[in-house]
Amino acid sequence: MLFAQIMVNGLLLGGLYGLMALGMALVWGVLNIVNLAHGAVVMLGGYCVYFLFTGAGIDPFAALPIAMVVMFALGYLLQRYVLNLIIRSAQLNTLLITFGLDVVLTYLAQLAFSADFRAINPSYAGANLTWMGVTIPLVRLGAFVTALILAGLLWALLQRTRLGRAIRATAQNLVAARLYGVNPAQLYAVTFGLGAALAGAAGGLYGMVSQVTPYVGAALTAKSFVITIMGGLENPFGILLGGVFIGIAEALAAIYIGPTFTDAISFGLLLLILVARPARSLRGA
Amino acid sequence: MSAGAQPMLEARGLTRRFHGLYAVNDVSFTLQPGEILGLIGPNGAGKTTLINLISGTLFADQGELIFEDRRIERLHPYQRAHIGIGRTFQVMKPFPRLSVLENVTVGALFGFGGGERNRDKAREQARALLEFTGLDRRMDQNADQLGGPDRKRLELAKALAMRPKLLLLDEVMAGLNHVEVDEVVTIIKKIRDSGVTILVIEHVMRAIRSLSDRIIVLHHGEKIAEGLPDTVLADARVVEAYLGKRRA
Amino acid sequence: MGRLLAATLAALVMSLPVMGHAQTKTVTLGAALQITGPDGNLGRYFRDGYQIAVDRINEQGGLTIGGQNYRIALKILDSQTDLNLSVQQYGQLVTRDKVDFLLGPYNSNFTLNDSVIAEKYKVPMVSGGAAAAQIYSRGYKYIFGTSPPADNYFGSTLEMMTKLDPQPKKIALLVADDAFDVSVRAGVRALSAKDGFELVVDQVFKEHNADFGSLLSLTKSKSPDVILMGGHETESLNFIRQAKSLDVNPHHMMALTVGVPSADFRSALGKDAEYAFGMTPWMASPVIRDRWFGDAQKFAELFHRKLGYEADYHVASAVADVETFAYALEAAGSLDRDAVRDAIAKSDFESLYATIRYGETGQIDIPQIVIQVQDGKVVPVYTDHFLNKPRYPVPTWAKR
Amino acid sequence: MVRAILLILAVVFLAAAPFFGDAVMIQYGIDALLFATLAQAWNILGGFTGYASFGNSAFYGLGTYGTAIAMAQLHLPFWVGLSLGAFLAVLCAVVIGLPILRLRGHYFAIATLGLSATLAAIISNLDISGRNIGLILPLTRNDVGFYEEALALLVASTLTVMWIAKSRFGMGLIAIREDEDAAQVMGINTTFYKVVALMLSAFFTAIAGGIHAYWITFIDPASAFDLSLNVRMVIMAMFGGPGTVLGPVVGSFILSAVYDALARSISTAAALLFGMVIVLAVIFMPRGLWDLGHGLRQVGWRYFLQNIRLHRL
């Protein structure tokens, strides 16, 4: 019974992890930017939902789309007017600039919202249902389903729409993208915006199961890294699967190895996977 | 090609697949000391892959490579460079933010036998080679500021600086005008006369005909013809596979 | 540059009144606090606590040291929760800003590092926010602390548990792996062996852990009577919310080392904070007398009026730190650091925080008052006897 | 020649500085010198081969813990601790360097990041390293001594880089940075070269960590394996000029001073401004001060616009 419960915990948590990594994987795969400010955007999404909930009384799940729009706008502007300026610069420079952005966003959040922690706490936050002796927290279930829906939407967008095809073509090479008649600067900004929107949704959900402070970003960025590497850059559902894998691995490790080993496990797995993969398949990316 | 002569390089049944498709399939040939062997074939025939297999940039899935009595198919690229195999790249790989002189100095510092240990001496050797290839005017420019023809020359000078016994040339004349092609042909002949064995991939037929002692033809990864230039270029299969395709 | 200028001007203006009284001298206390950065929400308690104490003492005529009238000045720097910067800033306070004495930063880790500066330069430091045993067990002579020892945090809670009906037997103990909480754990293990409690769960989790799913499920499967949890506020908050969503109910009660006394924490939890047991070494009670503020309750009211939020034990502890210097300076009769250091070691006075007496190692030892959230308010329940009736046993999440 | 004399004068000046400056200057100096060493050590691999390591904080942590374990747990002298730390770091560089130096670009960066996080997590679970609580080293009141040690280490690492920049070995590293495939076929044993560069980098980083540990007297996993420390090494090296001899040193001195001044005068917004400085620096001078110097001399202020034109989409 404990085992089943642990598996369910890991699965549900993993869905949220996966959603968190989805935006990072999209931006990484298409724009070849490893966005160190990703966690900061997740954090801002959390604040967004928090204020919509406490300030305007909007249900947190209903507030998710609004937060996504706001984060899309932020992501669009960041890419269009900052990141696009250095996109052809050395690869390390994209890491550095997104690190700088992470610092800026974090400290702006600290100035605007203070270091107090904010939990998004709707009346049903602690509700759960029991099924065959396993307790399923409703909010986490909701988060998991949301992750599935958003991954599905992203998949459909990439596969079924003209915009999506242009984005995928960009991932292959920039020249191909021009054939779709899309302005690459615009396309880059839209892609980054989509990534930010997904991060924003993840942030809202994260605030419901945990809490938001200006400083949660770095840990979430690190987690997203691990999952992105696990899931690969190709398929949104692969990313979700990566998240679930890490979620379950951590949940099991906490019980059967020791709760202080969760980080050792997830980062150890990251290292192992990178080292074990055939070198050629990782080259140049 | 007398049976008694010791070949510089011998390939036996070289095979390399990508995602299940054969890029090079069961190719065998020999290369005699002091010879210039032309390697031709249509785009995608596996020419560059073959050079990659010889230089070690890629490992063969099957087959043997014998260089001067020595099995080399499992050697790393740098080890092959140390025993005297040098190459150029079709997609040129200069060190973009180094000067032309430094680019060539790298070749002299490493290459055959591990190269020259002293950086000053290596630089002197490089300077001499730049004069030989006609690049001495551009010595202090960064490699990424060179135009196409000069880049080709640089590619050649870098490979020569390694003092190779066997030189693999991958389309060093593509994009050059007539005058420039003739210059390069002269240079290559001079290189051969200095005792270097050469394998050359080329699309410029005029050049390949005048350069090569022998020619082999690849098509879909397989060797379809081998022999003297005039004979091979008249071969019906070659005309169909290669020339025919070019005209289409 | 403009800001720098403004800051300089402000400093000049502030120092004007002092210059006005030719006979009044100044003694300066310095601290590098976590005003911004991840610890910013607790760092500000210390900033505000130090400031209100200094202001109050000055308003009431300052101090008389060796027959000379003194005012206290306070120099506070923001370490931005950057450990390296914090050490540097303490060095700067001592050697460049020439402060006379040091007040501590928040949290054990920073104090461990910063007290090295105090020891190096032989400047007494009184710290209000560091309980870990390690700080005081190094044999350092210049560090004093007004946080009670971590290993006794659950002491009064366990004592209370022996007197409750129904009597709890099985304890689930979950603590973070930082210095403070590991000391807490050692204390609970020793005490529960003595009092005959059984530790059915005894787990250490990673500091800053955000997900307690596995640990809570494990706890649930062992059906303990009591859950004792030790971690930072963020961890405690996650722990309670996730306990609810996973329907984890100890049979009788749940108690936490930190969080319950802080308004920020309770408001983030809302109704879910109800029934939680916690602890504080301090309550805003009118029976605790103080030379400058009258009593603890009056202090709390003044603090709320001035700062707009509720004082908790961090603030009271910070005030006690300043008062320690006030008393010690008057006792020493000079600003000589070694004389003041010896006077601090001999401290024995009533403050709004507690009776201040430093032990052998320099750390104060005062009991924790067990508190419980009842109808949204913090109610003191137990010290060495019951103060108020605890709501016990605690109902399950479903029955609330 | 003039340059050599100037450099020697600069070192003599720095060595004499603590006898004239006050205690804060010395303290600030120790930090700045150690940071410069870290930037210089990062430069050996990152600047010359272009492999951006985020695992130097792992070497720093190993140096820190080697020293601390030797001194606090085994009661051995400082120099034994330093050697132990350096040995552990260099060993780690060899063992882990072989597999991860095959990875390129972002994948290498992330693998090294994973290395650092994994080591931190392991250290925080070991008894000998004091678990997550950390270790306390004996207190020494000798900041001038620490200052001179830090300076000596910086000089040693800079001399090493100077040698690299002039040697055949360094030429090999640079060739790897410029085009690794080409470097290989030209006869450079790229794996060997990269591993040696990583080992050198690990060595100096670990020693810096050990000195810092003894100076600060308290270490724990969070401070020993601090990722932001690694990011600072990268920023300082990049700001000064990666792959140059003095760029990382000058860059880190300038950034340390800027950060210090910001933190002192406008405390609260310092980190925010520092973040903005990074963003602006990447946009307007992506190749560091050295290149900026050349660029300004050649094209003046248009250098900044030229960078944008060169690197924008």
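By letter and in written order, the chains are A, B, C and D; residue numbering begins at 1 in each of them.
Just so we're on the same page, contacts are C-beta pairs under 8 Å (C-beta built on N, C-alpha and C of every residue); 3 or more make two chains touch, one makes a residue touch a chain.
Not measured: the values here are computed from a predicted model.
Looking at chain C and chain D, the chains in contact with each of them are A. Following the contact convention of this document, C is the list of chains adjacent to both chain A and chain D.
For chain B, the chain whose average C-alpha position is most distant is C. Ranked by how close its mean Cα position lies to the mean of all protein Cα atoms, the top chain is D. Chains joined by the most contact pairs: A-D. Rounded to whole angstrom, the centroid-to-centroid distance between chain A and chain C, based on C-alpha atoms, equals 36 Å. The geometric centre of chain B is 42 Å away from that of chain D, both derived from CA atoms. For this pair, chain A with chain B, the centres built from the Cα atoms lie 48 Å apart. Inter-chain spacing, taken between the CA centroids of chain B and chain C, is 75 Å. Counting partners per residue, chain C has 36-37, 177, 206 as the residues that reach two or more other chains.
For chain D, the set of residues that touch two or more other chains comprises 124, 131-132, 268, 271. Listed for chain A are residues 107, 258, 260, 263, each touching two or more other chains.
Here the chains touching each other pair up as A-C, A-D, B-D, C-D. Note for the complex: chain A touches chain C at residues 1-2, 5-6, 9-10, 13, 107, 110, 114-119, 121, 125-128, 130, 135, 137-140, 209-211, 213, 215, 219, 250-252, 254-255, 258-260, 262-263.
On the chain B side of its complex with chain D, the touching residues are 55-57, 76-82, 86-87, 89, 93-98, 102, 105-107, 109-112, 114-115, 117-119, 122, 158, 162. Those residues of chain D whose C-beta lies close enough to touch chain C in the complex are 22-24, 27-28, 31, 124, 131-134, 136, 139, 141, 143, 216-218, 220, 222-223, 260, 263-268, 270-271. The touching residues of chain C, counted against chain A in their complex, run 36-41, 177, 203-206, 208-211, 213-215, 217-218, 220-221, 233-234, 237-238, 241-242, 244-247, 264, 268-270, 272, 397. Taken in their complex, chain D has these residues touching chain A: 46, 52, 99-100, 102-107, 109-111, 113-115, 117-118, 120-122, 124-125, 131-132, 227, 231, 234-235, 238, 268-269, 271-272, 274-279, 282-283, 286, 308, 310-313.
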